[in-house]
Amino acid sequence: MYSKNDVAKRPPMGWNSYDYYNTMVTEEDVKRNADFMAEHLKMYGWEYVVVDIQWSDPAAGSLCPQVQYVPFTRLCTDEYSRQIPDPVRFPSSKDGKGFAPLAEYCHKKGLKFGIHIMRGIPRQCCHDHAKILGTDVTADQIANPFSVCKWNGDMYGIDCTKKDAHKYYDSVFALYAQWGVDFVKVDDICNTNFYKENPYSAEKEIEMIAAAIEKSGRPMVLSLSPGPAVIEKAWHMEKYANMWRITDDFWDDWRLLKAMFERCEVWQKHVGNGNWPDCDMIPVGKLGYGWNKVSRKTNFTPDEEITMFTLWSIFRSPLILGTELPELDERTLSIIQNEEVLALNASSHGACQVMRNERQTVWASCGEGCPAKGMDVFIALFNLSDEDGEVAVNLSDVPYLNGSGTYRVRDLWNRRDMFPVEGDAELSLSVNKHGAVLLKLSRK
Amino acid sequence: MYSKNDVAKRPPMGWNSYDYYNTMVTEEDVKRNADFMAEHLKMYGWEYVVVDIQWSDPAAGSLCPQVQYVPFTRLCTDEYSRQIPDPVRFPSSKDGKGFAPLAEYCHKKGLKFGIHIMRGIPRQCCHDHAKILGTDVTADQIANPFSVCKWNGDMYGIDCTKKDAHKYYDSVFALYAQWGVDFVKVDDICNTNFYKENPYSAEKEIEMIAAAIEKSGRPMVLSLSPGPAVIEKAWHMEKYANMWRITDDFWDDWRLLKAMFERCEVWQKHVGNGNWPDCDMIPVGKLGYGWNKVSRKTNFTPDEEITMFTLWSIFRSPLILGTELPELDERTLSIIQNEEVLALNASSHGACQVMRNERQTVWASCGEGCPAKGMDVFIALFNLSDEDGEVAVNLSDVPYLNGSGTYRVRDLWNRRDMFPVEGDAELSLSVNKHGAVLLKLSRK
Amino acid sequence: MYSKNDVAKRPPMGWNSYDYYNTMVTEEDVKRNADFMAEHLKMYGWEYVVVDIQWSDPAAGSLCPQVQYVPFTRLCTDEYSRQIPDPVRFPSSKDGKGFAPLAEYCHKKGLKFGIHIMRGIPRQCCHDHAKILGTDVTADQIANPFSVCKWNGDMYGIDCTKKDAHKYYDSVFALYAQWGVDFVKVDDICNTNFYKENPYSAEKEIEMIAAAIEKSGRPMVLSLSPGPAVIEKAWHMEKYANMWRITDDFWDDWRLLKAMFERCEVWQKHVGNGNWPDCDMIPVGKLGYGWNKVSRKTNFTPDEEITMFTLWSIFRSPLILGTELPELDERTLSIIQNEEVLALNASSHGACQVMRNERQTVWASCGEGCPAKGMDVFIALFNLSDEDGEVAVNLSDVPYLNGSGTYRVRDLWNRRDMFPVEGDAELSLSVNKHGAVLLKLSRK
Amino acid sequence: MYSKNDVAKRPPMGWNSYDYYNTMVTEEDVKRNADFMAEHLKMYGWEYVVVDIQWSDPAAGSLCPQVQYVPFTRLCTDEYSRQIPDPVRFPSSKDGKGFAPLAEYCHKKGLKFGIHIMRGIPRQCCHDHAKILGTDVTADQIANPFSVCKWNGDMYGIDCTKKDAHKYYDSVFALYAQWGVDFVKVDDICNTNFYKENPYSAEKEIEMIAAAIEKSGRPMVLSLSPGPAVIEKAWHMEKYANMWRITDDFWDDWRLLKAMFERCEVWQKHVGNGNWPDCDMIPVGKLGYGWNKVSRKTNFTPDEEITMFTLWSIFRSPLILGTELPELDERTLSIIQNEEVLALNASSHGACQVMRNERQTVWASCGEGCPAKGMDVFIALFNLSDEDGEVAVNLSDVPYLNGSGTYRVRDLWNRRDMFPVEGDAELSLSVNKHGAVLLKLSRK
């Protein structure tokens, strides 16, 4: 039997085109990043290659940088109101092939292929009264003219109460299955508090999409955006999706990174078993080319990058790189190739915040296996303050230590063993401002 | 020089198709009501004949009664993105004549002709990238894809910051001037608090429309809907419009009528000189045919009707009948033909609430001329309670009486003289529940 | 080392005076209920006897039923601004003995003793500039004149930023320890969204109280009211308290009971290890004597009572009876003496909602021990609809079943074994409207 | 018959202690300012001397500058729960004389005397169950423990539904009448939107106070604070009070001054006939001594001061100086002694905003008399921008000009005649940034 949780047994790892290419990524760009991933990152677990927003829009970027999304653009669609790739940017998609050739390109390299879509159906198809595959209704009969996204004007929401409305999503995901899509990031669907006054069918559209994926016969990771997801709806997310954004768009800004600790506190009990609350893409290396035709370096300091990767890893967020992969420098590569840290993301459990104040935060989790003696315990110490200093935790507050006995301590970022500690001692380490230390404690 | 205040020197009086015909009024219906008005009401000041919403929509009413406005309907438009009448319902509009023949029909009978429009430009024209007269921009370049009405899906708002955006409104009102339109009710534009989270250009669109009317060369009353208008914006309304709705849709329900007293209290200082805060259409006689293909009688009792006409008259609201005129009965006709009361609406001034509590309200105003001795004073006594009883006012609280001296008292609804009163006496009259008494006091 | 989680290793079970006695419970009333508990309920795990609100108020009830809390009443206090019991209602408290004699009465019967308090310090003490034990500050120097409860006027909140402010709480809980108090229900402190515009120190007062309990040297269960607790603050609750109300006041009304399913869905991952999200007191038997000097029977039907006890048990809410215990009838007694169901409350784990729609809800949890083969699985089927009918669940959706194999099924409320089922079958049972069935599935 | 409108036939002019003395003004300070007013300002119309907040508080200022209002201070009161002056700061008030000697001091100089109070009754009196004059109720029986001000902790609101509640206000204003008080500024009563979630009896307390003044037999100006007053409640304000704050506290900050133009736009139709929407005190000269024991000069530039006085004058706000009068410099004195401008405040009418944009605003009003030919017209041109520049207005947009004919123009601030203008010309003058020009146009 199909279980959506089996599709993402560990947090998805990969690359997404948005942070570097904005709305303008091309087939060549995707291939270049896929090539790099296959050669340098695949062996560490990185596998998803995701084409983000506006791939069906021939006008994408034409009003840049003043306007990100071209109002009333005419998206490329097939006769059944389904978006197809812009053939100029994605030449292999011509002749009805869609993303099948690009997906196959990735698959041949052992990678997986993903795409972004907006919730709903293209507005133009509704006003044109276009057809819906396998039905005798037309687009205007299943859409809601008042269910509009507030930042992108391409789509109308689907009204699930209308006859055969769900069949539109069925037809869309059947097409994606045919293309070989492995991952779908659905946008304008995650934060159910966004449109208080408007009709908003997020929950129902999520349910239609989850059913459409199951009917498609092809496993696809279902990723929901944008955040912040509403914690009261956690049960619903866990029932239907694999990952959901727990913050608004994340970028290379310390204030956003610091705020993520609050979000992870709130969501910490909802991680695991195919459910991966999502801290959003990781903006490292070169960024922003698609905004100004010139890229810039991430604003994060090396210490902030360590903090980011440490939190994402111990919390077990999906790890989706937002950058131009071939331009990554050696230091950044060494971070994303640190298999000791990545193992934590892939297979630890029980991550929880041990303490948090304005100055520091401590998280802990355990390694695989039963929480009996002998299990490894991970401890992350974060210095959130604006000055270098000590970060301290009383080990008896760490839930997975048994309080007594001696532990070996390994510094995972520096890949070196440190001093042994007693399980009821206070552990205090010097940590750079905005930086982090990630430790593994093992029974002696 | 053109002054918008000169276009409506007194509160407009007339008829509107909505309360009876909903979205489905036809040319024949309009003519039938115009005929009746010319014959029976014109001599009392009734003159405007107004075609309300969806006159350009060929599908109007096709989903009735489940759905009032057909989603994604294709409105009739000319090549310049301007709505034109549905030729089936308005046969005389064919061959590019628009509403000119119907306007001329009214004009020949000494009446004036008005139409309803929604703020903005048809959505379909934006997605079709249709032309805008006198410009080289297209509809998609001047509309805002996020500025949508929350109850009617026909239009997108105009973004005044876009090049030549105002020229669309110029072209629209030039067409209306050519047709001979005398009155335009613009909808989805009056209550500026409706769309807190959405882009909403009400103020700027009002300004563009006011300028377009002035440029058109034809005087047109500018009426804004829906309410409740926001009192903080009163100055702006008074600068650009002639009438604006001070409540949400008004219907034949006592609770709505009772609530109107609060709205009139708030707006009382903004009446006069071309500015007419609007209590909305008057639902008397037969109503609602266009909802269920069967009409119903107004729910107002005769006493409630007197209360409504008394308040609308002393407050000087526009008087726009919402009903099928030829079906009015004699009693109702006698109300709307009472020239002593209508004179109050046409030419009194200084209307103000003297007192209001849960049980009763008293209003007063004065007749024409300087507030020196000899001026008539109008006093309206309202019994808001659910029981017949006395309504009392201390005449020394009425601002326009000089406190001493004797006044003759005339009952305007019953057209009869009553007892004389002293200007500092307490006046107490028996008034039916939900009823009103309207008096004129004149110096002996 | 003291751990607040050890104080409540299972959900507290007991009795609270409020639902029957309102603000007016007396020492005799408490003893009568304690006697009954010791004799009939203690052997099933019921142990806490809790005196609810206004025990220090000599005027309590004097304005009943018009006014619940007497404005500006003068509470009984000692010289250090600490409330002491009203000696008229609690005669044994005289001569500075406080609640020590009553606590001892309970302890001798093997029961535990609890009290209710409002967050803060009596207003009268602040205006009198009364002393604070062990400090040289006075009450006015540590209270916040703007931090007032919105429904009870007795107290001002403590301002933790003031010198020695926390010592007031230290002195209060030291006194309670001296009395022998085992359980403290702190009111006006749980829902941190209540006072958006007012200064509100809930979080800081919770922290001061938790520290004061630890310093007191006596373990006390810390219970926070009123709800609904804010899920974003779950981590803080879990760090400092043992139980917190997840709803507003719960009474014997089906709508409130139905709404509890939503609250339990939201909080299900925060149950266990000394943390017990609290569904509030259980209003069965006789209720409400303290409001009108006459008691009434609970409005819950027998089926609704089963639904309530089933949900509270599988969710592992604290079980606090709100009723006059000696007046319980046999049927109700048989419910609260069902040790097969109570075992579920005391020691199951992993309770989760399997599905929920408007008509039915299904929950599941497991028995003690590792989730390996052989573990018992509990399944609760709820019929939320207003008609008797089938409640169905696909057992493959229940997380703790391994999907294959045969299970023995026992009906816990009726204490009888039923048919065996396959682990991947659909289970469908007839359930009364508003009723529930609680099953235990064991490997054959 | 008493009419509250007759008490303030023109906008009150005077001095208030707050802006200079904060909570700490003394009898000597008041006398010093009264002396100056009598000698230098009285002949220009300045007459009110107002003692602002905390005159009954012996601890006032003792926590300054950290805390403005001492929490839980014990106010000086008489046996009937009425505040009396602190005898240390107001020595002449001893022996039950209250403010009578200070009021008499002012009266002898031809000035008027005013005081500030908070809405409600001292909290301490409620907790002490103190007496209320002429009743057998006590303070706790008429106050509402939940009706508390959010910035000053002295009082509880009066609950008008309680027996004899209004008699407390009667007793308070009887005392003020006995003292010879001419002006009462009631605080925490004006903005009815402040306490959305709390019980708030502003409207009812205003009514009780207005009635108490009338019963006292002594005319007193009723001034309400703080703002912004809610425009929907204008009718109520006009019925019961003489002046009400239309903004939050106003200080010497250009942003606040610029924002006042929006407030005046909103309130312009509610000025006159005993009703004076209040732009708040005028912070010129030396300010703030009572905050830091050292005074500072106003932050307003000379141009901003002209803008302020021009707006307050043409709008007809009350003119209440907030400063130490004896320290005013010659330039400022010349502003407040400009009788040509003050005449505008005292007796013009029909002030209205002619236009407003981000860069400039124009106001107009007329002189006394009928709006027939020969009436003077005042025009104020404001440069709101941050650069010197032209401010222009088309005179045909000014409502009180008849459009044609020639006018003499006088510059009121510079007391000089300018060029003549035609009534339909565009008038354009150079105005300093943040500055204003105030003109009088008279028929030639």
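A, B, C and D are the chain letters, set down in written order, and residue numbers restart from 1 in every chain.
By our rule, a contact is a pair of C-beta atoms (placed from the backbone, for glycine too) under 8 Å apart; a residue touches a chain by one contact, two chains touch by 3 or more.
What you see is a predicted model, and the numbers here were worked out from it, not measured in a lab.
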When you check each chain against chain C and chain D, which touch both of them?
none
Taking the mean of the C-alpha atoms as each chain's centre, how many Å separate chain A from chain B?
54
Averaged-CA centre spacing for the pair chain C and chain B, given as whole angstrom
58
Would you mind pulling out the distance in Å between where the CA atoms of chain B average out and where those of chain D do?
40
List, in ascending order, every residue of chain D touching at least 2 other chains.
none
Listed by label, touching pairs are A-B, A-C, B-D, C-D
Across the complex, what residues on chain B touch chain A?
71-72, 74, 123-124, 126-129, 139-140, 143-146, 148, 150-151, 153, 195-198
Given the complex with chain B, which residues does chain D contribute to the contact?
1, 231-232, 234-235, 265-266, 268-270, 353, 370, 396
